[in-house]
Amino acid sequence: MQQPKILKSGFLPEETRKKLHTVIYEADTRAGKLFDIILLCVILLSIVAVMLESVASIKIVYGRQLAWIEWIITVLFTLEYIGRVIAVREPLKYVFSFYGFVDLLATIPKYVGLLFPGTGFLIAVRAVRLLRVFRILKLTHFVGAGNQLINALRKSQVKIAVFLFSVLVLCIIMGTLMYMIEGPESGFTSIPISIYWTIVTLTTVGFGDITPITPLGQLVSVIIMIMGYGIIAVPTGLVTAQFMNDEKPHLNTQACPNCGANQHRDDAKFCYNCGASLSK
Amino acid sequence: MQQPKILKSGFLPEETRKKLHTVIYEADTRAGKLFDIILLCVILLSIVAVMLESVASIKIVYGRQLAWIEWIITVLFTLEYIGRVIAVREPLKYVFSFYGFVDLLATIPKYVGLLFPGTGFLIAVRAVRLLRVFRILKLTHFVGAGNQLINALRKSQVKIAVFLFSVLVLCIIMGTLMYMIEGPESGFTSIPISIYWTIVTLTTVGFGDITPITPLGQLVSVIIMIMGYGIIAVPTGLVTAQFMNDEKPHLNTQACPNCGANQHRDDAKFCYNCGASLSK
Amino acid sequence: MQQPKILKSGFLPEETRKKLHTVIYEADTRAGKLFDIILLCVILLSIVAVMLESVASIKIVYGRQLAWIEWIITVLFTLEYIGRVIAVREPLKYVFSFYGFVDLLATIPKYVGLLFPGTGFLIAVRAVRLLRVFRILKLTHFVGAGNQLINALRKSQVKIAVFLFSVLVLCIIMGTLMYMIEGPESGFTSIPISIYWTIVTLTTVGFGDITPITPLGQLVSVIIMIMGYGIIAVPTGLVTAQFMNDEKPHLNTQACPNCGANQHRDDAKFCYNCGASLSK
Amino acid sequence: MQQPKILKSGFLPEETRKKLHTVIYEADTRAGKLFDIILLCVILLSIVAVMLESVASIKIVYGRQLAWIEWIITVLFTLEYIGRVIAVREPLKYVFSFYGFVDLLATIPKYVGLLFPGTGFLIAVRAVRLLRVFRILKLTHFVGAGNQLINALRKSQVKIAVFLFSVLVLCIIMGTLMYMIEGPESGFTSIPISIYWTIVTLTTVGFGDITPITPLGQLVSVIIMIMGYGIIAVPTGLVTAQFMNDEKPHLNTQACPNCGANQHRDDAKFCYNCGASLSK
């Protein structure tokens, strides 16, 4: 609709740009699929490289190879970033989008490392590359199933929020109680630590780094555990009920204009009660 | 209906009292919403202050600031308490209600601390403020979802009670067994401790502060774990079935006056069995 | 039907025996209820006494009082046992029934202790008293709910057995694998211990007394954990599906004699498909 | 259909081969059942022997007896293997089938041990015998229930895969975050170890070998735990919904040839929407 200016219409002739766009952003052609698979491999390689570099014994032995791999990945990501910028009609929109930032951050750590050597926080920036795996999801046939899962969760969203809020209040109350009962001698050194311990216990994780020693503390622990064991039924029940409802034809709450009956199938044309036409 | 006496009609002229009541007790007007949000912040601040004061390192450095915050909260809660008392028509009824007590207890710790300095149990009283967060729930649109959750739990109440009782008996029997098998050398120093350990294991928390050492003890542990892993299905199944039933058209237990058949839809007009009209 | 002999007709005149039977074995009369409640209290007291005696510090201080309580309980249980024997028409049948043995074992520890002082295994016999709590269940209105739970579990019995068997085979295979990977240095001293650890991990208990150290062992652990996290869905799904089916009007598999359609309601009189009468 | 050659028609006359086949491969005759039960016992014995031999204290005392049992098992498995080979019409097909390999591997460890004494990896080969228990499953009436379980899991396969992939990405991100927060001092020595810890925590296993120490790390842990506690609802919900759907009359996706409406009952004869006949 708007008159295209230079930074809005891209750097390439329309024909070339379209072809590049098909390869980089779409996955329907052969070249597009190939590009996506190669990108996926490079992203996974970059993630594995970040992981391995964090293992001290590996870094000592293979440090040089990892540095080389880092350089290769940086070059590939740079080329891909330039490609993405010139392949869209409005580069600025891409650059300032979420994935635009992620792609940029995935590219720059090595360059920044050249300018300011020894900046340790770069590992954090490199970890941003992990977010790029979500690009992969786009190309899979998993999207349908993934959307179904997300929809089911979204529909029970409010109930899950209420549930989590109640659990949190419960944990704060129980944590304070445990702090007053056990005290610092047993490792319950402060109320925040006690609440941390309560959540560890309620979710049935149970690290065992802090454990109650007094009989009363153990009694309260037992109550927390049984509550945690029981109330896990609530999110499970919510999500299960949601999944089930998603699979049966949905009954809506629209009322029949003639007799007022509701709970019709979404695709019903006539009222099941009086046979009047439903003016949808 | 009753003739209002002085302590029953409140301290303020009816007009002023009604306005104050709208602000303090209701959340439909702008002023009412603002009051609720400010109260919510003060309550959360008071909770955070209690938590932070329990952390030794923070108390040493910021003790003075925390004392100041405590005084400010006390003053605000005092004003609010007075407001609540004079804003209702029957102050005594409020004062002796559950929330009346909670509000009072949330207000007094600092005053009591002035009279009897060094009473350590005041932290327990201040923790009562946590209960005030339930006032917050009132103002949210979460109430509907919350009620649904509570209803589903209430309907499976008896079954959950039977389940918990059975689990408790099971834990007592298994705990005694483990005490006899393992004995004090492995940390199973008494039957209550053994039962505590059994509940820790059955609920899949598994602290690891006490663990079986003898082969027989480990075998029994394995049985306890698998039972715990399996019977979590029972509360989950109960609550899920309840959630599902809440969402489908309810079949009621009303009997047909003609043929006595029941399990009709709530909106049925004719018996599904004999066609007689159901006089609802 | 049979000619009653002395040990089959009981020790009391029929009238007295019947009255005693009503009090001891039934819970419909006032006296029967009172008897059951007193018995419940004595059983709970006996269980608490066994528990407390196992706590070393309590036994030292209150050892005498506990011995007294033990004598009182023994006398009461003896009287009750005699009452039960003479209140039934066929005493031998009661004596050799399951509860007959339990009641006898609950009575004798103190007498045996007099004959053979210092027999430590008597604590095991006294723990048998725990089984007596199941007598309590009889008198509660929980029986209905309890039966529903047990029925739901019984109906999915075969599937649960298959599930448990598969889990067991899985644990044996994974345990052997972990033994070969980790070896005795990490605490995986033998295959049985490895299988114990695998079950601890799969059921998400996670004591932490034994943990994998090698990277490969940690990788396999992670697979075991995710499997354990995922397959808990199976018993849960089975039991939930069972609960749901129990609550909706059952659709049977009877086929219509006219058109062969099945899945009729159990109380259907006419085929839903062709309207032919169902000759049930 | 093919002209049988020597290695394809087997080593025995057709009559004898068929009889042997009935005994070894089928479980409908008395002899077949007996063979299966004896085989089951020998397999279980061989598994127990492998387990016991791994326990150092048992191997020292009963090493000779275990060696004898191993020889007996080897001979029995050898005879069975020969039997299986000559009882099928196409021996090569059996030999190169999955179970053919498993049966062979279960037989040879002792022979290999004679040729190359002291090869420790033979324990791994002997553990292969565990896979033979799956042969047992064939003969039980559990097959039906087992198939139902597997079918329900298979149908939610794609959704479960999407779920597991999302959990894995989540664990990688959270693990990297924990590594950056906690660092090597708290035991989070590398990103792979951090991811291992995140999975241990998210699945609510919670070994406690590594625990967060910094307040921020404990906060992130708490988020991981609550996520793990909540998202277990997803596989549970999926599998439960699947079990339920298996039991209710299936709505198919066939479209009405007249109006295009779908979601008909499998046994529907007329379209619920327009009344046109469905030509199934």
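In order of appearance the chains are A, B, C and D, and numbering begins at 1 in each one.
Methods note: a residue touches a chain if its C-beta (ideal position, glycine included) is under 8 Å from a C-beta of that chain, and two chains touch if they have at least 3 such contacts.
Going by UniProt, the chains are A, B, C, D = Ion transporter.
Worth saying up front: this structure is predicted, and the values here are computed from it rather than measured.
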Matching A-D in over half of the residue-numbered contact pairs, the equivalent interface among C-D, A-C or B-D is C-D
Given over half shared residue numbers means same and under half means different, the chain B (Ion transporter)/chain C (Ion transporter) interface is different
CA centroids of chain A (Ion transporter) and chain C (Ion transporter): separation to the nearest Å works out as 43
Between the Cα centroids of chain A (Ion transporter) and chain B (Ion transporter) the separation in whole angstrom comes to 31
Chain B (Ion transporter) residues touching 2+ other chains are 192, 204-208, 228, 232, 236, 238, 240, 244
Per the touch rule above, chain A (Ion transporter) residues touching chain B (Ion transporter) in the complex are 158-159, 161-163, 165-166, 169, 172-173, 176-177, 179-180, 184, 189-192, 195, 201, 204-208, 211, 215, 218, 221-222, 225-226, 228-230, 232-234, 236-238, 240-241, 244-245, 251, 261, 263, 273
Note: in the complex, chain B (Ion transporter) contacts chain A (Ion transporter) through residues 47, 50-51, 54-56, 123-124, 127, 130-131, 133-134, 142, 145-146, 148-149, 152-153, 160, 164, 167, 192-193, 196, 199-200, 202-209, 228, 232, 235-236, 238-240, 242-244, 247, 249, 267, 269
In the complex, the residues of chain B (Ion transporter) that touch chain D (Ion transporter) are 204-208, 236, 240
